[in-house]
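Okay, so subunit A shows up in both of these, paired with subunit B first and subunit C after.
== the complex of A and B ==
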């Protein structure tokens, strides 16, 4: 890896007690489809772990193996040091909240939440007490006698959450918990969900294909592709220090330059690309002459009409597109090489700050620490 | 063709189709109240053939036999059909899966005459070797259940397919052992399909004549068999009377069940609308 790795300073990783450990797990369907490919992972108590990746990368398969619906082809799963690889789903102290909620349509909200408790043979009065508590937690007390089809999407989602929390599982699995909600409801529900999870204090593994959702909800994320993990880390580490072109591309927007390392010094590196020369203010583990990618986030690019000083870290282009988002504006700059560079400017005053319009010549520039050099 | 004419043509066409479908039945019902001994000539209205029917012990016992056979064979069909549907839908891989699936569908496409003949030959040789079963009630039941199982399996399969497999997983996830998954979740959700499979196989058995003819023994004549044999001897208005009674019963059942389903559906729609207006408030 050619990136300088940032020390793990996330406060959560310090005082951690291990809860779930996955060792070299694989799932091969029909002898050929490698849905999950040799994945190892440790999840600590109390954390919300996000599994992020595109469609078909094996997120659900991994989750289903944790729940016990799918037997791994290879590998082991430990929960609190106990090997649960061959334990049937109904004996695992793990509960799952399903993507489509999977509420029992013939049972009322109350009975749905009580379902798991009854299977455990809990005394009736305790069941009632627990169900009432869960209903209170998700604010659905007055909907207890309703059937699932008599609830709105958001309410169904909360019933599903209450049902999966009722048994006080050691581990809660969430498969696209907000996937069926519309965008607006989703944002408020994200925070609500995190609040409830933190109130209960349950450890979670959350599957999502929405990177913003993963960033806001999870304390650590894994970026998955084709059945294996590309990178595991805090959301900000993964965002600021992606370890490969794939991760940089998947998480957020990025401008990707392709170039060759010219100077490789302990305190800085220069990379020559078609567009400009990049001066990176820290050393990397590459060598001169190496083919690398330079990733630059649009919000780290500044625009001006005057030519920047120095020979490094700027490029000249023509404004071909201005996309207004309200809080910020994204400018598309067409460079001489044909590359389109995106620059995101915050709209801090009401007149658009740098006064650029379509067809203007402009200079994009950025600091020594703005970009990441990628070898993969 | 102009739009207006098109519309009239459509209506006329519909009318013709309905006439074709229902006119014979209507005629049959009307003529069951005909006093004349000739089925084609109207004299005046009377209940003569209904009292004749009440006195016709052969026909009455045939109706009873048919009802009994239909009831029991429908129960058997639903029972076995559910097993077949389950095996084929919930277990992806087992030895003989393809064999079972083609065998289960075979009676649907095989001409009934062939099925009847094959069963007859088999039963005759079994009886030859083992001394039973005597041809009669039991063998008819067997044949009807065989055919019905195939139909019931189709009905149950279609319901199982549209049922969310996640529900089974959710039940298991919450601590249900496999048999509890069935009794607590799958079965309750399957009930409507089982009811319609029962009704379908019941009517299949009730009006079956081919299999019954092959498989019945002396003294076991089902209603369709009696009607069939009497019709060949010359039409007797008593048949019209028994047909009318059957039609009345079936019609009432059909209307009641469709009223029931549409009532349930409307109630569900209303409640869903309510849920969303609640959520918005």
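== the complex of A and C ==
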């Protein structure tokens, strides 16, 4: 789940040039169903922005409003300081790569890519030149005369990308761009896609339900639920410092303890939960006696057979499940409180390192900086 | 022996039997009758009967072929004119049906899902009344002292009735009215399956709604257009009842010639020859349709 470095994250805020601004946008269906609920967002030039959320969270509706397929009930959309809220889809300098691509089945690969250029009344020789360039970019030059159904899924995906980039849009929308590909192909395609996008230098808004896809591709992500943003930030910030139980739960795996703040000091807090006392090595905005959640990622939990020293940050339990993933193994530890604690151990040697098996007693322990205290 | 018995059993069980049923149906009810008609068209009036198909007079079966009916069709300008006129009326009917039926089917396919079954029902509703009755009803509307003329005269739009009956106009109205559902239904079936995302993709790439219609919707519904046109064109060519009731003597249609040859002149060979030529005329568009469909199929299969 760890994220690769993104070139855009290094950008200083002073260099950021605003491209897309959404102001308080809402979409209400049938007068009552709020698909998108008062969302505001700024996307900067050159950025790949990821909208992440489960099905029905409103991410697709938001994307469709950007494309112009849905009219917002309320709010404004600005592209490069120009109000495009009421501009029809065919007049927006925005192109979209559709989920499962929507390539025109009656046209060849070449004609699909040229489709948008022809509508702009571009001279024929320039169209040919641009299409050839696009075909080269996605490495499909020799497939130009084929029809879409004669291509593999990965090839269709690249045609869709070439078609959406051909008009050099100011903003590229990607709707579940890798959703139709199998897992192995996704990993290679993901990087290929980011490379091409960076080569062209186009700003992107990406919609996905797959957190891995969002984290590897996007430079900034918004976690969406029930029509609004739960958290917006860098992938690593969202992962390591989720701002709510919902976000912690949605992104990656998490062990969630419920407890009460006992000590609230500027440099540390302690939280008493049923399972153990947590010693958090930094201050938080809370107060003693406050009900909080303590989120702990499984990969930050260590296991041992011997009882750890000290009074904090450990728990005893019984191994009830061992899930082997190859690169790592996840142990499920049943604690006295009944809570099942997940601990992920890296298989650094070929004999499985912990030496734990089903039914063993084991101690789970973690560092002072491993967990996040959540007040919401 | 055991081997051959097995093969015999295999033939009457399972796959071959199931495939065999439509073949038997086709051969006994379509191919053989057609061959009989073909043979009669190649006989003289005296020998034209089903019992007289094969000549045994020489001691062995032989066929005597007589091409005089075809020669007569080719030599008499009336037949050629009638064929051309039939094709003309069938084409006009098909084009008008397409022009009316396409928007009809398009809006049906775009209508809210829950009212689509009702709209479909309304298209098929006329079939609940006898075809003959409905054509006859048009007569009462179109005749000189019919409802339309009377209404227009009493409204003072005109003083003299317009002659609408027994004209190409009344014939075309009757044909379009009767065959319109056969155009709408395949078009609706096709258009309701049209993926809305193609239209969105076209809009996204800068295509106005009207252009999108011509560049995406129409090409993608080509199969429906062809199927609907065939369903209207083919039966229109041989139509008898509508020209008889609404067309009058001014409108030449091959169906009426066929009727006259059979029942007025009792000339079976001539009638059969007229029918065979009509089938050939229909086979041409059918072959074109088949070619298009197989082109599509091989397009889809070939990678």
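By our rule, the second predicted complex is superposed on the first by the 362 of 376 C-alpha atoms of A that agree within 3 Å, B and C clash if a C-alpha of one lies under 4 Å from a C-alpha of the other, contacts with A are read in each partner's own complex, and residues count from 1 in each chain.
To be clear about the criterion, a residue touches a chain if its C-beta (ideal position, glycine included) is under 8 Å from a C-beta of that chain, and two chains touch if they have at least 3 such contacts.
Please read these numbers as outputs of a predicted model, since none were measured by experiment.
Three-chain overlay on subunit A, with subunit B and subunit C in a clash. Contact with both subunit B and subunit C is seen for A:119 once the two complexes are overlaid on the shared chain. Once the two complexes are overlaid on the shared chain, A:154 sits against subunit B while remaining clear of subunit C. Of the two partner chains placed around the shared chain by superposition, subunit B and subunit C are both touched by A:89. Of the two partner chains placed by superposition, subunit B and subunit C are both touched by A:106. When the two structures are aligned on the shared chain, A:368 is found in touch with neither subunit B nor subunit C.
When the two complexes are superposed on chain A, the residues of subunit A that touch both subunit B and subunit C are 67-69, 88-91, 94-96, 98, 100, 102-106, 115-116, 119-120, 147, 149-150, 163-164, 167.
By the touch criterion stated above, subunit A contacts subunit B in their complex at residues 67-69, 88-91, 94-96, 98, 100, 102-106, 115-116, 119-120, 146-147, 149-155, 163-164, 167. Here subunit B touches subunit A in the complex through residues 164, 166-167, 169-177, 180, 184-185, 188-189, 268, 271-272, 274-276, 278-279, going by the rule given at the top.
Those residues of subunit C lying in contact with subunit A across their complex are 195, 197-198, 200-209, 211, 215-216, 219-220, 222, 299-300, 302-303. Note for the complex: subunit A touches subunit C at residues 67-69, 88-91, 94-96, 98, 100, 102-106, 115-116, 119-120, 147, 149-150, 163-164, 167.
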